[in-house]
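The same subunit A turns up in both complexes below, where it pairs with subunit B and then with subunit C.
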Partner chain A sequence: MSASFAIRPIGLLRAAGIILGKDLLIEWRTRARINALVFFAVATLLLFSFALGPDVDLLRQNAAGYMWLGILFASVLSLSESFRVEAENATLEGLKLVPTDPRAVFLGKACGNAVMIFALCLILLPVMVAIYDVSIAEGLPKLSLVLAIGCLAISAPGTIFAAISANARARDVLLPLLLFPMLVPALLSVVKATALVLQGDLQDSLRSWLGLLCCFSVIYWALGFAVFPKVIED
Partner chain B sequence: MLYVTIALFALAVGLFALHLFWAKARGWVWKAVAVLGGAMLPAGAYFGLSWAPSEQDMGEVYRIIFVHVPMVWAALLALVVNFVASAAYLFKRSWTSDSLGEAGAEVGVVFGVVGLLLGSIWGRPTWGVWWDWDPRLTTTAIMLVLYTGYLALRKFVDDPEKRATWSAVVGVIAAVDLPIVWFSVRWWKSIHQVQSNPKTIDRSMFVVLVFNVVAFMCALFVYLWHRFLIAKAARAREVALPSALPPAGPQEAA
Partner chain C sequence: MPATAGAVSTAAQPAAASLALDIRDVSKRFGPRWALARLSYTLPCGLSLLLTGHNGSGKTTLLRMLATAIAPSAGKLLVLGRDAVAEREEVRRDIGLLSHSSFLYEDLTAEQNLVVLARLLGIASPKDVAGQLLTRVGLTARSNNPVRQFSAGMRKRLAIARLLLKSPRVALLDEPFSELDPAGIAEVEKLIVTLREAGTTVVLATHLIEQGRALTETRLHLTEGRGMGE
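Take a look at the complex of A and B:
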């Protein structure tokens, strides 16, 4: 009888899955964050076209870059929110007390952020197609793949830096200050890959840009996984 | 000239090693390095400006290489010091590695900004533009912004222990950019020339370049060491380590 009450540590992946489920459930119950993100990102896309004037060719040519800038700006809001909800009732302390690897918190949070940003991408895509008048030359499956890897590349360093800046002074300034320069290589490759998918990949260079993007994602995730326990420890 | 440069190089490396491995010598080694660097910098400027031959395409303009290259190499070296200190802090907490990380990032950013400006001054007459979106230039600019973020983070966090841990994390992540900066000229063949070595530049120029590099390394060493001492003193004051407090005076003993 007593054996069934013994506390058993939960496995890393299972704990990460539980945290991911918890975050998505919280999000699903209010849907406040995704609404704010979508409006913010759509407004950013519109602002780009207002700033440049109604030059359709120019907008079509640069659509990938504008879309990723919109996603990047919106993702900063999403990332800082993901740790603000934990700070509100000091629930991060609770997560730290769970008898499992603290890396599970990183995996869960980073996956949650990736899902969030990917959902934003999918909502933004038809808007971009409509207002910038782009066509998807290489087809939707390839585009989804590029978008998904891009979201993964943003979410890992974003989660680390959000965890750091959530407790610092001037956190709204700090997160973009740390995150944007870190993401420049990933942003360059994801924008190039997206543009190739949209405009057609004549010289077969999509593979190399996608490889570079994957490479950055793997480095960011590995580093984040390794250092996260240090970030949240007391 | 070649043998003198090699001897001075060996002397500087010997002094650095002495400083690193023999704690008792730390009081005077930096003074010796400062004297060596102080003598070598004007000598290096003289060799660079008049002893080295002019270049066949760029003429006299190329002579800025003798300050631009050592400056950027010194910056990269300082940021490598930051990475090593950050990684060391994550393995074992110590105010020494935290202070060394702070010193490395700040000195690296200063050297890097000056190196970038010098490169820009060189680019104007040879490439025709002050700035080009060449991979080397782009990655260097990203590097400087990254480490500016690192320094901003240090200013924004008041708790010294949290500041040390978080900035060490950022230092390790930011170091991903360092190899990209170094290899960018080889990975993407572009407008910026590849690293200077006897195969890519004339031997007489290379000797002068190495002479200047040694001089700048001495300057870097002195800067780093003093910035490190300042950071360490600031930490000692912040956390009031028992060893940092003044010895108990007579009024306290009473």
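Take a look at the complex of A and C:
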């Protein structure tokens, strides 16, 4: 009755795809993360509007900044949760001992986090239209592109720091402390790019801000790819 | 490092390639405490080892080092002739660890847990293989239930199925009988016999010494990180 199964090593991208599929399946089965994210992000957007009062022009002018701050705060919950799942029965250690290439774990989890944050963005768009009275109909394709690149810029460093802080006692405090300073350049670029899409790009500077945002994303992803093996082994 | 050494070795010193385990002067330190102190031991391929000792004697630490989950603080550790630190990836392909942590995703079903692992291992027809293993550990009826709903014994059975999926050459079993009912214990004993018949080297850490003796040829007793062979 000793069944021995033929084991064939799989490639990096395939392993990353399996990990991504596993993370999305867990999220689909529980829906715990997306529910918490949506409530938190909507509450944040509402609080910004209450704090500023009924000044519609001011709200509209700052809509991009408020939206990205809401996404950033909510994404901390999402990133932290993505590694809490792995800590529950030491499943991250289980993945290491399979063995799974740590870079595949990084790719899979960072893509999973990007998908979650992008889904949150899509849900927040109509909320932002309602609360801040902005129009998104005309620039929707451009806005989707900015949102997608912005999510990639958050998810890569977020995944690295979530893995670093996963076993720390004060991980809920540690993650934003590590992540937020790292994200300042990306946050500036993505807020500016979003504002240009929402308010009109008179000087044709959207391309420059998008280019800058892409550069930050590429740097963060390359860095994650290089350092993640060290992060989860040590 | 402590001055005294608990160095134990099998009488004959077989060639390195024929050794399943070659532990050379290995120590492991957690903060100020030495969990293992200059332990030496060799185990030829095909033989199986019973690892005994009180709680905190270093059994789990040794198994986790053999599994490459943690690195030794000093000394050298070879598994099937490969360095457990320098050739970590190769060692991981050959070992299977049944640990206190089940390595199971709570929100996935029993079948999904096995399918994910089978896919990562590159096994063809992962669903069929998962089904076979669930039958083998007696969990077919619960294959579509999430692990969160499982009892401790059922989790242990599923963790064993997870280990079997890898078909390891060296199986490291840390308290495999804990949380199991008598029928479950008998099943695990049968699985260990099957593993041994397939040529797997089994390292079994347990407090059930009589059961362990019946399943293994050699014994290493650990006391405060130092070993004493039999």
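Basically, the second predicted complex is superposed on the first by the 224 of 234 C-alpha atoms of A that agree within 3 Å, B and C clash if a C-alpha of one lies under 4 Å from a C-alpha of the other, contacts with A are read in each partner's own complex, and residues count from 1 in each chain.
To be clear about the criterion, a residue touches a chain if its C-beta (ideal position, glycine included) is under 8 Å from a C-beta of that chain, and two chains touch if they have at least 3 such contacts.
The shown structure was predicted, so the numbers you read here are calculated from the model rather than taken from an experiment.
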Which of subunit B and subunit C A:100 touches, first, second, both or neither: second
Which of subunit B and subunit C A:181 touches, first, second, both or neither: first
Touched partner set for A:157, first subunit B, second subunit C, both or neither: first
First, second, both or neither for A:22, with subunit B first and subunit C second: second
Which of subunit B and subunit C A:84 touches, first, second, both or neither: neither
First, second, both or neither for A:207, with subunit B first and subunit C second: neither
Where subunit A meets both subunit C and subunit B, residue numbers: none
Subunit C residues within the subunit A interface of the complex: 67-69, 88-89, 92-93, 95, 97, 99, 101-108, 112, 116-124, 129, 132-133, 136, 146, 162, 164-167, 194-195, 197-198
Subunit A - residues contacting subunit B, complex: 157, 160-161, 164, 167-170, 173-174, 177-178, 180-182, 184-185, 219-220, 223-224, 227, 230-231, 233
Sites on subunit A touched by subunit C in the complex: 1-10, 15, 18, 22, 25-26, 29-30, 85, 88-91, 93-100
Residues of subunit B touching subunit A in the complex: 90, 138-139, 142, 145-146, 148-150, 152-153, 156-158, 162, 165-166, 168-170, 172-174, 176-177, 180
